[in-house]
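Each of the two complexes below includes chain A, the first together with chain B, the second together with chain C.
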Partner chain A sequence: MIETAKHNNYTVATLLIKEANLDVAEQFKTDMLQLIDKGNSHIVVSFENVVYVDSSFLGALVSVLKYAMSKSGDIAVAQLNKDISNLFSLIRMNKVFKVYNTLPDVFA
Partner chain B sequence: MPQVQKKILLVDDDRFVLLLFNRALIEEGFQCLTAHSVEQALEILNEELPDIILSDYQMPDMDGFEFRSRILEDKRLKNIPFVFLTAYTDRNMIQRGLDMQAVDYIDKETPVPLVVSKLNNILQAIRKEHEKSIHEIRVAAEALNLSSVPSESPKIAGFGINFLYKSFEDYPGGDFIDFIRFDDQYTFVVLGDVMGKKWGAWFFSFNFLSYIRSAIRLCVFDGDLSTASILQKINRVIFMDPVLGDVLSTLSLLMIEHKSGKVHYSGAGDLPLIVYTASDKSCRRMESSGLLLGVMVDGLYNEDVITLSKGDQLVLISDGMIDFEHGGEKKSDYDLFFNLVKPKLGKSNSFELVKNVTFSAEKSKELIDDCSLIFIQKN
Partner chain C sequence: MFLHKNQLNTATEIRREFFFNNDSRNMYPLLNEIVSYIKIHVPSETYGRKISNCKQILIELLTNAVKHSDTSLTTITVRLLNNRIEISKSDIGRRFYLADYTGWPPLSWPLNKEYIGEKIRIYSDDISHLYAIIQNENRITFELTEIQFNELNKESVLLEHYGLLILTKLSNEFFYFYDSSTNSNLFKAVISLY
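Showing the complex of A and B:
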């Protein structure tokens, strides 16, 4: 459900799903934790294919962030559609995650 | 015909069979997804979750058994009922299919109406089993007197307080509501939403609520009457909790001063409060700045104080209220909700009017999460 690629100093994890919800949250978390354990400490999650995010998925995302931070890493999000971007601002997820419109050149 | 439109995935390399079943099942009210190869079916399953899968055994490249194996390896898919459709009546084949936890097999020679009845029966049996389990858990929860929503609204002289709560498909969810009163001086209003759905979220809502209740009481006993400070203390405890640290919750915390009409407001990742001011008939949103509970050690909580005068109204909501589904597309839209509620405020029967546009039978059908709304009015 995620496709990964190296991008300068970080890893891009592109979500290959339209709806990021409860059904995929656990799988996403497992995949991301594995990715972090393999040494990918800085990951940008790309939402370019995603049209809807529910609170279960956001929970998984934050839990992945907390894990990454415990390993001196960081997680950012990129390419959010307008609705998702509004939701991030509304519930202050934009203070928790770095939010990029497009994939950044460097993520530090 | 199924009560709610059920989604079925049909997989067969024989286009004629696909067409035949597709037509018959659509006529019976099913929503059909069709794939003429396992590869195509797996692509569909990346994006869609059907209620049942009907798949042929023998197909070129990957066959039905391999398809079944792939599904069983995927946590997200393995519980979808799987039925083999086959021209084979070879016992070994059937046994092999059933050994792979296929719920049934259907001979391709079976007349289409009979296939439809069989599928409906399977879905109905699963639904009944499911309802039975839910019923048992609900009975257990009731016996333990577990409830994350109060049975009635508090009565405070000079205020009118009401709330609405609707569970998602009758599952309890992560929303929790509480009113904590201290003599005739203060009432704390608590509205939270544990992120997640159904039982998982519901289970954790009690832990959150317990922390919140005790934190509020301890703070008030210590003379700490700042909602921001109380919220920060709750946040720190949850952040350090080894179990809850991984579970996130929003929280809107209000403290109503009964005599002065002042309302203190702090929020953790919650949606903006809707504030209606009677004197100038204006309606605005009030945003708090704090982070979701348990995300960071410092939740960056702020505190706003609103002095309510006669006729002023406040509306607090959980995030289920802003989820909308139209034509199969889901979206979260706070503005849509705000504009829906705005014209209903400032009336003598505002609460009823708000209820009609948000919790009517028609609206409830569109729900995709559990929803809560608290309405406060200064009389």
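Showing the complex of A and C:
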């Protein structure tokens, strides 16, 4: 589901799926909560392989963000395709998550 | 009639039905099939953003079918006419419901006439409020109110349900209709091309 790597001051969680939908939302949430519990408080989720996102996955992403914030962490998203970027802007998820076009040098 | 690739023929109604077996594994191929059909009639060079919205609306309607319809057949209808795209989802499965809703007015189909005009608060968080407005005994329309939102913090209230919100936000009109004569459900999203 996700592949993780350390990148300067944060962890990159690259989604290894094409379809970020209801079939994978719960597993994504479980994997991310475990990652946070292991001390990865600042995580950038890379959507470079993802072709679409549905509301179930978006709900899981917000749930993960709330958990990270409760542990003084943060979640950002990166490498969204045009359609997903359009969705984030329209429903103002770009105000909730930091959105990066490419992986940032530093996640602050 | 010959049309330039960027022109839209709005004089003739174009309509096609697609069938979905409510298996999430078939969502993506069907999504691509429907979007390809729309692109035949709506030039993506000019209407790229509208087509992107249609794609997300389709994703949410198909997701809704898998999660909530409690039946094995959904019909998606795409209709283009008069500079608008209509995307409908119909089935004979579960009627529109809100999980754990015990509020007022009650959501029991057909709705009681005395509730026409009433608003049901569906979701509410620090970013937006989503309402269902009872238009008649068989129809509700959805309305989104966006709230000024400056900074996220630990105390921020954020919902985790976005399906109806996305459908409402990306459509110019989005409603649900229960047809008691056929016991069928219809969600319709209207996207204006203006």
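Going forward, the second predicted complex is superposed on the first by the 108 of 108 C-alpha atoms of A that agree within 3 Å, B and C clash if a C-alpha of one lies under 4 Å from a C-alpha of the other, contacts with A are read in each partner's own complex, and residues count from 1 in each chain.
Convention: contacts are C-beta pairs under 8 Å (C-beta built on N, C-alpha and C of every residue); 3 or more make two chains touch, one makes a residue touch a chain.
None of these values were measured; they are calculated from a predicted model.
Visitor: Quick check on the superposition: with chain A as the shared anchor, is it clash or fit for chain B versus chain C?
Guide: After superposition on chain A, chain B vs chain C: clash.
Visitor: Just chain B (first), just chain C (second), both, or neither: which does A:R92 touch?
Guide: both
Visitor: With the two complexes superposed on chain A, say which partner A:M1 touches: chain B (first), chain C (second), both, or neither.
Guide: Only chain B is touched by A:M1; chain C is not.
Visitor: Taking the superposition on A as described, I'd like to know which of chain B and chain C A:Y52 touches: first, second, both or neither.
Guide: both
Visitor: Just checking: does A:S70 make contact with chain B only, chain C only, both, or neither of them? Give me first, second, both or neither.
Guide: second
Visitor: If you stack the two complexes on chain A, which partner ends up touching A:D23: first (chain B), second (chain C), both, or neither?
Guide: Both partners.
Visitor: Would you please give the residues of chain A that touch chain B in one complex and also touch chain C in the other complex?
Guide: 18-19, 22-23, 51-56, 58-59, 62-63, 65-66, 83, 86-87, 90-92, 95-96
Visitor: Any idea which chain A residues touch chain C in the complex?
Guide: Where chain A meets chain C, its residues are 18-19, 21-23, 51-56, 58-60, 62-63, 65-66, 69-70, 82-83, 86-87, 90-92, 95-96.
Visitor: With touch defined as at the start, can you tell me which chain C residues reach chain A in the complex?
Guide: 24-25, 27-28, 31, 49, 52-53, 55-56, 59-60, 63, 66-67, 127-128, 146, 149, 152-154, 158-163, 165-166, 169-170
Visitor: Please output the residues of chain B touching chain A within their complex, sorted ascending.
Guide: Contacts found on chain B: 46-47, 49, 74-76, 174, 193, 195-198, 201, 245-248, 250, 269-272, 289-292, 295-296, 300, 319, 323, 329-334, 368-369.
Visitor: Of all residues in chain A, which touch chain B in the complex?
Guide: Result: residues 1, 16-19, 22-27, 51-56, 58-59, 62-63, 65-66, 83-84, 86-87, 90-93, 95-96 of chain A touch chain B.
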